[in-house]
Amino acid sequence: MKRETIVWTILFIAGGLFLSYRAAFSPHGMGKVYVKAEQVNPNSQTDLRTKYIGARPGEKGAVLSIPRSVGLWLAALFTLAIFSFLYRDNVFFKIAESVMVGVSAGWAMVTAGFWDTLVPKLLAKLAPDMTRAWALPKLEKTSHADPLYLVPLVLGIMLLWRLAPRGGWIARWPLAFIVGTFAGIKLTMYLDADFVSQIRSTIVPLVVVLQSGQLDVWASIRNVGLVFGVLSCLTYFFFSVEHRGIAGKIARIGIWYLMITFGASFAFTVMGRIALLASRITFLFDDWLWLMDPNHKRPWEPFFSG
Amino acid sequence: MQWFDRSRAWFGVILLLVCGGVVIFTELVKSGRNLHIREIAGLKAIEEAVGRATEMGRPCLFVPGLQDMNEIPTVAGISVLSHVARIAAEYDATIEVPTSRSLVMTAARETVQAAYFSAGRADAYSDDRIYYVTEEQFPYVAYLTGYMVREKPAACFYAGTFFAESLILAETGNSIGAIQIAGTSEASQLPFFVAACDYTLIGEELFAASAYLSHEPHQLGSLKGQDAGKLLAAVLLAAGSLIATAAALMPNSHALAMALHFLKDNLLGKGGPG
Amino acid sequence: MKSNIPWLIAAVTGCTMIVAWFVPVAKDWRDEAGTWYEILAAIAFVLGGANLFTQHLQKISARRAGWGYSAVTLVAFVGTLVVGLLKVGVIPDDPNYPWSGYHQEEGSALWWLFYYVYNPLTAAMFALLAFYVASAAFRAFRVKNAEATLLLSTAFIVLLGRTYAGAWLTSPVPDEYSALTFPGLTAIILGVFNTAGQRAIMIGIALGVAATSLKVLLGVDRSYLGSD
Amino acid sequence: MLDFLKNLDRRWIFLAMLLAVAIPVVMQKTFPEKPTKLVQDAFDAIENLPDESNVLFSFDYEPSTEGELAPMAKALIRHCCLKRHKMFFMTLWPGGLPLIEQNIEDIISKEYEEEHFARGKDYLNLGYNAGREVAIIVMGTNFKRMFPTDNDKIPLDDPTLPMAHDIDRLDDMDLIVDISAGYPGMKEWVQYAASPYGIKLVIASTAVQAPQAYPYYPNQLTGVLAAIKGAAEYEAALGEKYPKYRDPAFNDAIRRMAPQLWAHLLIIGLILLGNGIYFAERIKGTRR
């Protein structure tokens, strides 16, 4: 075996041993989720049905939830499966990846597609009485069927025509509707918010004079830098003029501005990725392994109290 | 009931100016006027990159991004592909185009075939090198990095919309020592391309590239129109800042204050025609 | 013909949207068109779902390499669809209407899938990028030229300025020169250079979008409609 | 040595990154934070509103970016609870809805149990809207068209939801807080709400998006919480005004800044080391 393989194997075994030790020998175990029962309709005397909501261990009425505990372990193992890709591509990663593709697609269809849009926005408009009797008892009694909504329905069916063996071109109509609508909306919106408003925000006095009549040097330099920066970057993006002579020099300053902009973006992106990693590690250590408890979620003294 | 929102009157004028610029320049180019567009460094490097791949006997990889044909950056990316493919056909280099959308695949096949045809190498074209992988971001990237590590392409081109995967692609390409040329309008991903690739087309340059390489007159015209818009922006900005400066230096001048107010709150604001 | 009618549809709806921006009476049309778009987008989910389904089914039936993973994907996909559409585990708001509960209520099957499967998987995927950034920092980010040097130096300052290390390193700097501390420099970079750069990029892209939209409305660009 | 470093297996770098983040997470050491102007402006925007003002929260993110945005959401909601603002919750991301529910449950119902905030009177979950930017456009002129009912499908005119009765347009909100991870989000709220109607808008943004928020400040944006650092500063601002919130249990983001510090230093070190090797190689190459 290569030295490196040995190192990694030792790491894995040590991790496994630690897990079993934590689960078996610590007084409160780990990775358990608690729930408590609550009346669905707290103000009703007749409707006595209850539902379970999340609870903290030790809270009054808290009981262990098997499905949620299983879920927590699954979540932790999926997280580790994804991280295992860093070592090398493997069967656990591929399974996790396949599950992710399937669940995310199904979930988006069910929520954004069906229950949040088609039912309340199309069905409730076309057949309000039926929708009320079926799924939306609180839908206003006064709403009438609105035949105008047959138009999006028909357009939608045309969109689905792509699945048919022939006549796929019919899907171009709804596509044209979407593209055209958004071309119109985006044209005005981008020119308003990104073109006009950005010019307006950049119009600042190049010399800032304080109330007392004194010159504010810092603010003046800032403003000059800002206005000059925007102008030089615009020069860089100007396609009609070669980057030579004066235009070339200004464009060069423009690209320096852009590089500093990208440097800032770079640092922020790095920052964001690290924040997400830290939150995943917190999830593993806090919610799953119960090694730490900064938010005092559990009544016991944690392993690491910081 | 109001028939016209007067507070947006000046915005309407600006809208007409910008749109009019595009239309007029498109018509000018159509009528045969020759308009100059500057060279773009990254585009010149394409030939060098393809040449190197040919010398080394390794393929070129072209990635048209993660979005579908309804997004403009993807369309621009496909135009760049057309140019890359024509050079590849001339040099007899291999070009590989894995896509994440089936429509992009179809468009890429048409484009590359046309490029091979125009280079007089129609016989060398094959559909097999342009194929659909998957729509999902990370599985698609996993495939691409796998391909890069195995086949070690000598040149990698990225043109279109990229998100978090930009970093993974650029890093892997760098590790196999490929020449990398990238272009995207996603501002948050540009730094990674700029830092890890040899040449990067920044934002608007990607659109310019497509127009520049397409050599279609109306596309060049629209570019000129965009330049006119930038000129308008620069003039408004410079004039506004000068007025604002004068107003700051002469706080008692009523005329300057009025002029600034008109510019910022009427012309560029919501104050109506004033 | 096949591209003329769609172009007319695009041109008419698009121009209506532009006009509606200026005409208060027509604002309702924008609303209506927006709702219609939502409905169309929801229906379009079926296209994506069908594509996913057939693609993986083909892979399984052809026993192509990795077909087992396709089976996993299919089971996950269909399973999520079924429990979500049938509202498995949802307690109805009103006992007389069995379908009336909120489809993603705490404790329901769909909620469980979201909370314990979808959520940790996507978050872990993004966390992977932290590792790739580290690797790229070591292997890919080279100060090849003046531009790259400027980019990486800026990144240094911001990375330090956005943590306690930056404040600590430059803590001896007197208050009058606070602009020269790492947090101060970061503020200048973000407030002046980044703002100027972003604004120029935004102005440019706004013009690009306007020109492209115009090309769609004028029918110059019909690429999205394919060839006849 | 040079060859060893040049051919270093990148898994060692991965391991270094893991340790740079994991060890500080466990140690839970914190560093002092001072609110910058953008964060202070956001804080003041909520603080200076008269009590019981209308605040619209849009949770435009998914669990995948919760690591950055959840601490911001918590701190902002806590602040609104302290001021007894009327909180309207909505989301343009399907994945945002469960996050709203969770925050209502954890913070409004549990942390502020004694205040007895009532649904429909003090806070309201409007739910998810699939309309993306169109939803914002429509809400601008006709709020109840986009949200005819709350998330429980109760019409907004219902007597049990008094706080929603006077809401006809976005203008009726005193402040909008957008917690944003991408599209649709920050940019759309600026373009379609803050810019055309001049409504006060506070953005809590992921790091990736944050640089794009700066150009909108201060004209179109009242305040910005940028990345986990912004969240930490907001927690610090809250602690400064309300000493109770100096308790580490409320300071998720401040605690998160420690792994952030070490990981940033690691990245800087790696860039320096990588470039050192690059130049050493080039010098060696020219000598040959």
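Should a chain be cited, it is by its letter among A, B, C and D, assigned in written order, with residues numbered from 1 in that chain.
The working rule: a residue touches a chain if its C-beta (ideal position, glycine included) is under 8 Å from a C-beta of that chain, and two chains touch if they have at least 3 such contacts.
Worth saying up front: this structure is predicted, and the values here are computed from it rather than measured.
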item: Chain nearest the overall Cα centroid; value: C
item: By count of C-beta pairs in contact, the leading pair of chains; value: A-C
item: Chain centre separation in whole Å, for chain B relative to chain A (CA means); value: 26
item: Distance between the centres, which are taken as Cα means, of chain D and chain B, whole angstrom; value: 31
item: Centre-of-Cα separation between chain C and chain B, whole angstrom; value: 19
item: Length of the line joining the C-alpha centres of chain A and chain C, rounded to whole Å; value: 8
item: Residue numbers of chain C (touch at least two other chains); value: 18, 21, 30, 33, 35, 37-38, 41-42, 48, 52, 93, 100, 104, 106, 114-115, 118-120, 122-123, 125-127, 129-131, 133, 135, 139-142, 147-148, 151-152, 155-156, 159, 162, 190-191, 194-195, 198-199, 201-205, 207, 209-210, 212, 214, 224
item: Set of chain B residues in contact with two or more other chains; value: 15, 18-19, 70, 138, 187-188, 191-192, 194-195, 202-204, 223, 226, 229-230, 233
item: Residues of chain D touching at least two other chains; value: 14, 17, 21, 64-67, 97, 105, 130, 134, 137, 152-153, 196, 208, 211-212, 215, 227, 229, 260, 263-264, 267
item: Overall pattern in which the protein chains touch one another (line/ring/star/complete/other); value: complete
item: Partner chain B, residues of chain D touching it in the complex; value: 196, 198, 208-209, 211-212
item: Contact set on chain A toward chain C in their complex; value: 35, 40, 47, 49, 51-54, 67-68, 71-72, 74-76, 78-79, 82-83, 85-86, 94-115, 117-118, 121-122, 133-138, 148-149, 151-153, 155-157, 159-160, 162-163, 169, 172-188, 190-191, 194-195, 198-199, 201-202, 218, 222, 225-226, 228-230, 233-234, 236-237, 254-271, 273-274, 276-277, 279-280, 283
item: Residues of chain B that touch chain C when the two form their complex; value: 1-5, 8, 12, 15, 18-19, 22-23, 26, 69-70, 72, 75, 102, 107, 110, 135, 138, 164, 167-168, 170-171, 174-175, 185, 187, 191-192, 194-196, 202-204, 207, 218, 222-223, 225-226, 229-230, 233
item: Residue numbers on chain A that touch chain B, as the complex places them; value: 89, 97, 100-101, 175, 179, 187-188, 191-192, 195-197, 199-200, 202-209, 223, 227, 230-231, 234-235, 237-243, 258-259, 262-263, 265-266, 269
item: Chain A-touching residues of chain B, taken from the complex the two chains share; value: 11, 14-15, 18-19, 35-39, 70, 134, 136, 138-139, 142, 146, 187-188, 190-192, 194-195, 202-205, 208, 212, 223-224, 226-227, 229-231, 233-234, 236-238, 240-242, 244-245, 247-249, 251, 260, 263-264, 268-269
